[in-house]
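Each of the next two complexes has chain A plus one other chain: chain B in the first, chain C in the second.
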Partner chain A sequence: MLVPLDIGLIMGLLLAWAVMALALAFRLLDFPDLTVEGSLPLGAAVFAILHKSGASMPVAMVYAILSGGVAGALTGFIHIRFKLNKFLAGIIVVAITYSLSLRIMGASNIGLLQATSVFDFVEPLNTAFPESFHFGTIVLLVAFLILGSFLILYGLSTRYGIRLRVAGSNPDYAKALGINVPMNVIAGLAITNCLAAFSGVLLSMHQGFADISMGQGVLILALAAMTIGERLLPEKHLPFHVFVLCAAILGSIAYQVLVAYAVRAGLAATDLKLATAIMVLLVVAFRVSRNGDLLAEAHQ
Partner chain B sequence: MSTHKGTIEIKGLTVTFSRWRQTVKAIEGVNLTVPAGQWMVVVGHNGSGKSTLLRAISGLLTPNGGEIRIDGDSLGGLSSAQVAERVFHVHQDPLLGTAPTLTLFENLFVADAAAQNGGASRNDLLDKYSDLLRPLGLADRLKQLARYLSGGERQLLALTVARLRPAAVMLLDEPLAALDPVKAELCLEQIKALNDEGKTILQVTHDPNLAISAGDRTLVLRQGRFAYDEVGDRREADSLRKAWSLDAGGGISIWKK
Partner chain C sequence: MKKWSVALLVIVVIGAAAFFALRVHNTPEGMRVIAIANLMSHPILDTVQENLLAELKREGYEDGKNVRIILRNANGQMQVVPSIANELVAQDSDIIIAITTPMSQAVKKVAQCPVVFGAVTDPVGAGLIASLDQGEEMITGTSDAVPYDEQLRLIRRITPNVKRLGVLFNPGEAASQYGIKQLRKFAPDFGFTLIEGPVSSTGDVYPVAQNLAHRVDAILISTDNTVAAGIAAAVKVATEHKVPLYACDSGSIEKGALAAVSAGYAQVGIDTGKLAVRVLKGERGIPSVTAKGSEVYINKKAAEMMGVSVPNEIIQNATKVYKEIKE
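Let's look at the complex of A and B:
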C-alpha cells in the first residue's frame, strides 16, 4: 500500500521543478512556455555527459542548469526579436534542444548508475526504513524544494522581482513606468527554464540515466499538476506569486501520487496521457462551475 | 521634485495611419506649447486625434513628421526609460493602468522611484501609501490584489500611482470616462492634487462641460487640428460649442444650462 505513495511522492517532488517552471512562466509572465519540454532533457543531457566525462557533480549540475536557462532565454529572444507567437517560439526551441541533446550525449541515453549523485548522501537514511519507503530521498527532495521556493519567493519580492511581475502582469503599465519589458521576459524565461533543467538533472540522478525522451509528456503532466494545485489551494488568502508557486508544488505531488495509485489499480501506462487530459478537463470544468476566475483568464 | 519642469513643445506634429491604400491623417501639422505646471483639457469627438496626440507625447507611437520636446529635449532622442522619467500616461481603460496580479502596495511601490532607490522602510511606505489612499477609501486594502478592485477603484489607484511618479508631465486619457459621479469627483481631486504638486496635466475628455470647468486652458481638437484654444476665464460655452460642434450630430443638446 505504501509503494505507490513512495513512488508518487518522489516523482512529484522531482517533477515539481518542471511544474514550477511552467506555472511561473504561464501565470507570472503570461507566457505559456513549451520550452520546458526541451530544457528538461537538455539539463539531463548536459549533466550526464559532463559528469560522465569527469566533471564533479556540482560543476556538472551548474552547467546543466545554465543550459536550461539559455534555452529559455532563446525562446524569449525569438518571441521578442522576431515577434513570433509564444507557442511557435517554444516549439522551435524544443526542436533545437532535441537535436542538441542528442548531439551532446552522442547517443539516445547515457547510464549514470556508477556515478555519484546527491541521493548517495541520504542512502543511510533510506536503508533505515523499510525498503518500500525511501524516507531519505524524500527528505532531501523536500529540503531542495523548500530552499528553492524560498530563493524564488525572495527574488520575486525584491524590487527587481516586483518589476518582473509587473512586466508579466501588465506590459502596458510596465512600459509606462519605464520597465524594460522584453528584457524582463527573457530573464524570466531563463530563470524558469533553469528550474526545468534542474528537474532533468534530479531525474537523471534518481533514475540512473539520462534519456532523450525524458521530456516527453512533461507539458501535459505539468499542466495537469498546475491545474490540480490551483484547485486545491485557497487563492484569495495568498499573494499571487506565492499562490502560483505553492500550487505548482502541491499539484505536482498530488498528481503523481494519484497517477501512482491509478497505475497500481490497473490503469495501463499507455492510457496515462488520455487519463491526464480527461482529468485536466474535468478539473477545469469543475472550476468554471465554482465561479473561479483563475485558469481561463489570468489577466482580468 | 522640481516644479519648474514639465514644459511640452510641439512643432508641426503629423501622425498618419495607413491601411491598405488609404491614408488617414490623425494629427495634421499641430503646434502647441504647454508651459510647466499648466492643466490643459483637450476636448474632441471620437476619432478627432486626442488619444493619438497623447500616445505621441508619451512615445508610444512615432510621429510621421514634426517634433515633440519635453523640457527642451527632443522625444526622439530619449530612451524609453528616460521618457518614463518625464512623462506618465494614464490609460483610458482602468484595467490597463495597474498590474492586476500584484497587491496595491506593490503597484504603488513599483511606481515609487524614490522608494525603490532605498531608504524608506516597509512600514514608512505602508504609512505613506495609506495616507495617499485614505481619501479614496482604499487605505485598508493595500495588501489586496489590484484585480479585486472595481473598475472605478482601479482608475483611482492609477491616479495615485501617477502621484508617485517622478515625471513632471501627466497625460490623462479620459480618466473619468468610466466612472460614477462620486468616483469622478474623487478622480478630479486627484488630478487637482497632481497639478498642485506642480505637474503639467494634459487631460483628454469627450465632455465639453468638463472641458470648460476644469483646468486652466481648453483646447478643441477637430479632425486632427486645433479649433479652439483659450485660457482661464476667457473660456466660454458659446465659442467652444461653435468650435466643437460644427460637424456634430445636429440639434442634439449636450450642454448644461
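Let's look at the complex of A and C:
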C-alpha cells in the first residue's frame, strides 16, 4: 500500500513548483496568474529542444527557466501597459506560449528517453532501496525544493522582497511610499513563472518526454493543491509568505498522493476526476468543520 | 443543521472511498499480469483497446481466469500519465501495453518488464525504438501511421483534375505533425500543390475550411482528432462549394467525407494484441508493425453532393461503401 505514497510524493514534489508559482502570484501579488498553464509547457519545450540538439543539461535548464520568466513578465507587461484585465492578460500569454512552444519544438511531442537527466545522478540510491521506493529521486527533489524555498524566502525578506510584498498587498500604500508598483508586479510574475517553467523541466525529465498538452489542467490542479495546503497547514504560527510557500508544497504533495491512491484503486476513466474532486472536498470540509464557520457564512 | 450537513458529506465521501477501496484486489498466486494504459477515452482509442482485449481473449488470455488484466486510463489528464506508468510498474506487471505516444514514452521510461505500444504514429521520432525494421529486446508495438502515398493515389484516381490540395489539420497533434510532413514529401510525386489550413480548435474548422474552399480543388483531413470532431462543418463547406472532401479514417467517411484509405484502428488493436501474445509466450526482439492501410472507405451520398463520380472499380474494391451521411 506504500507504492502510491511513493508515486504521489514524487509527482507532488515535481508539481510543487507550479503550485508555488500560482500561490505566490495569487496570495502575495494578488494576481490570479493563468500564465502558469503556458509557462510550464514552454519550459519543457525549450529544455527538450535545447537538450536534444546538443546543449548540456544545465545550460538547457537555465534557458528553459528563463523562458518561463519571459512569459510571466509579458503577462505583467500586458496587464500594466495596456490596462488589460489580469485574466485576459494571462489567457493571451497562454495562447502565445502555445504557438511558440509548438514552433520551438517543431512537433507536438519530443521524446527524451535517451537523454540525460538530473535523476541519473541519484539512480544508484534508487536501486539501493527496494524497487518500489525511489529514495534517490525523492531526496533530490526535496533538496531542490529546500534550496528553492530558502532562496525565495530569503529574497522576500530583503528590501526588494519587502517592496514586492507591499506592492502586491496594498498597491496604493506602496505608491504613496514611492515604490514602483508596475515594475514589482512584472518582476514578481517573471520570478513565479520561472518556478512554473522549472516544474515543466523536471516533469519532462522525469516522464521522458515533453508534450504540447502538458500544461492542460495544471491550473486547476494547482488551485486544488493550493486550497488543500492552506486548509491543512495551521496559519497562526507562520509569517504569511512562509505560510503561502509551505502550504503550496504541502498541498501539492497531499493532492498528488490522493490522486495516486485513486489511480491505485483502478477507477474508471470517468470516475477519476470525480474521485479527486470528492477528496479535495473532503479535506476542505474537514478543516472548515473544525473551524465551524462553514454555514456561518452561508447564513448571512 | 450545520453539523448534519457536514456529517452527511463526510459519510458520503467515506462511503465512496470505501467503495473504491474494495475494488482494489491483489493478484492471485501464479497469475500473470497484463497491464493496459490508455491516454483517454475517445472513439479511435476505444476501438484500439476493445480489439486488443478481444484479441487477447481469442488467444485464451481472459481476465480473472488465467491472467489478471489491469486497465488504466489517464482520462486525458497529462499530469496523471507518469503516475499511471509508475503504478503499473509497481503492480509487478508481466507486460505493459501502452496506447498513444505520451503513454508509451512514460511507460518505457520506468518499465522493468516488456512493453508493447499501440497506436503510436511515429515510434522512432518519439524515441521509443531506434528503427522500424529491427526488433528490440524489451519493446515492440504497432504504428498507426497512415499510408499517405496511398491516400494521395486514391485522390488522384477519383478526381484526376485536382491540382491544389488543401489540408485541414491541427499542428498541435503529433499524428498531424507527422501527417503534414508525409504529405509535403509525397504531394509533388502525384502532382499536387499543398495548401495548408491549420486549425487550433474544433471551432476553427468552419472558417478555415471556408477560406480553403475558395482556393483549392480538393480538401484532405489528416488523421486529426480536432478536425475529426468538427467534421460536420467541413462537410457543410465542401457540399456548398462542391469541393471533394477526403479523410484518413472511416469515422469521417461515415459522417460525410468522400473517401479515405484508412489505417484501420480495429486492425491496429488486433495487431497490438497479437504482438502482446507473442511477447507473453516469451518471444523477444520482434520488429514493430505498421498499419497496412489496405482499407478503402467511400461515401456515395457525399460524392453525389460534392459533384464527384467515383469510378465503379474503386467502389467494388472498397472495404465499405456508405450510402447515407450520419448526422
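Methods note: the second predicted complex is superposed on the first by the 267 of 300 C-alpha atoms of A that agree within 3 Å, B and C clash if a C-alpha of one lies under 4 Å from a C-alpha of the other, contacts with A are read in each partner's own complex, and residues count from 1 in each chain.
The rule we apply is simple: contacts are C-beta pairs under 8 Å (C-beta built on N, C-alpha and C of every residue); 3 or more make two chains touch, one makes a residue touch a chain.
Computed from a predicted structure; not experimentally measured.
Undergrad: Tell me the contact category for A:Pro4 with respect to chain B and chain C: first, second, both or neither.
TA: Second partner only, chain C.
Undergrad: Between chain B (first) and chain C (second), which, if any, makes contact with A:Met57: first, second, both or neither?
TA: neither
Undergrad: With both complexes superposed on chain A, which partner does A:Arg165 reach: first (chain B), second (chain C), both or neither?
TA: first
Undergrad: Check whether A:Leu177 is in contact with chain B, with chain C, with both or with neither, and answer first, second, both or neither.
TA: Only chain B is touched by A:Leu177; chain C is not.
Undergrad: Let me test your reading of the model: by the given contact rule, A:Val218 touches which partner, first (chain B), second (chain C), both or neither?
TA: A:Val218 sits against chain C, while chain B stays out of touch.
Undergrad: Applying the document's definition of touch, where does A:Leu113 land relative to chain B and chain C: first, second, both, or neither?
TA: In the superposition, A:Leu113 touches chain C alone.
Undergrad: Which partner, once the models are overlaid, touches more of chain A's residues, chain C or chain B?
TA: With both complexes superposed on chain A, more residues of chain A are touched by C.
Undergrad: After the superposition on A, what does A:Tyr98 contact: first (chain B), second (chain C), both or neither?
TA: In the superposition, A:Tyr98 contacts chain C only.
Undergrad: What residues of chain A sit close enough to touch chain B in their complex?
TA: On the chain A side, the touching residues are 27-28, 159, 162-163, 165-166, 169-170, 172-180, 239-241, 298-300.
Undergrad: Mind listing the chain C positions that touch chain A in their complex?
TA: It comes out as residues 1-3, 5-6, 9-10, 13, 16-17, 20-21, 23-24, 38, 40-41, 70-75, 77-87, 90, 101-102, 105-106, 108-109, 112, 125-128, 171-174, 176-177, 200.
Undergrad: Residue numbers of chain A touching chain C in their complex, please.
TA: Residue list for chain A touching chain C: 3-4, 6-8, 10-11, 15, 98, 102, 107-114, 131-132, 203, 206-209, 211-218, 221, 256, 259-260, 262-273, 275, 278-279, 281-282, 285-286, 288-289, 292, 294-295.
Undergrad: What residues on chain B touch chain A, complex-wise?
TA: Interface residues on chain B, with respect to chain A: 58, 60, 80-85, 88-89, 91, 95-103, 106-107, 109-111, 116, 145, 147, 165.
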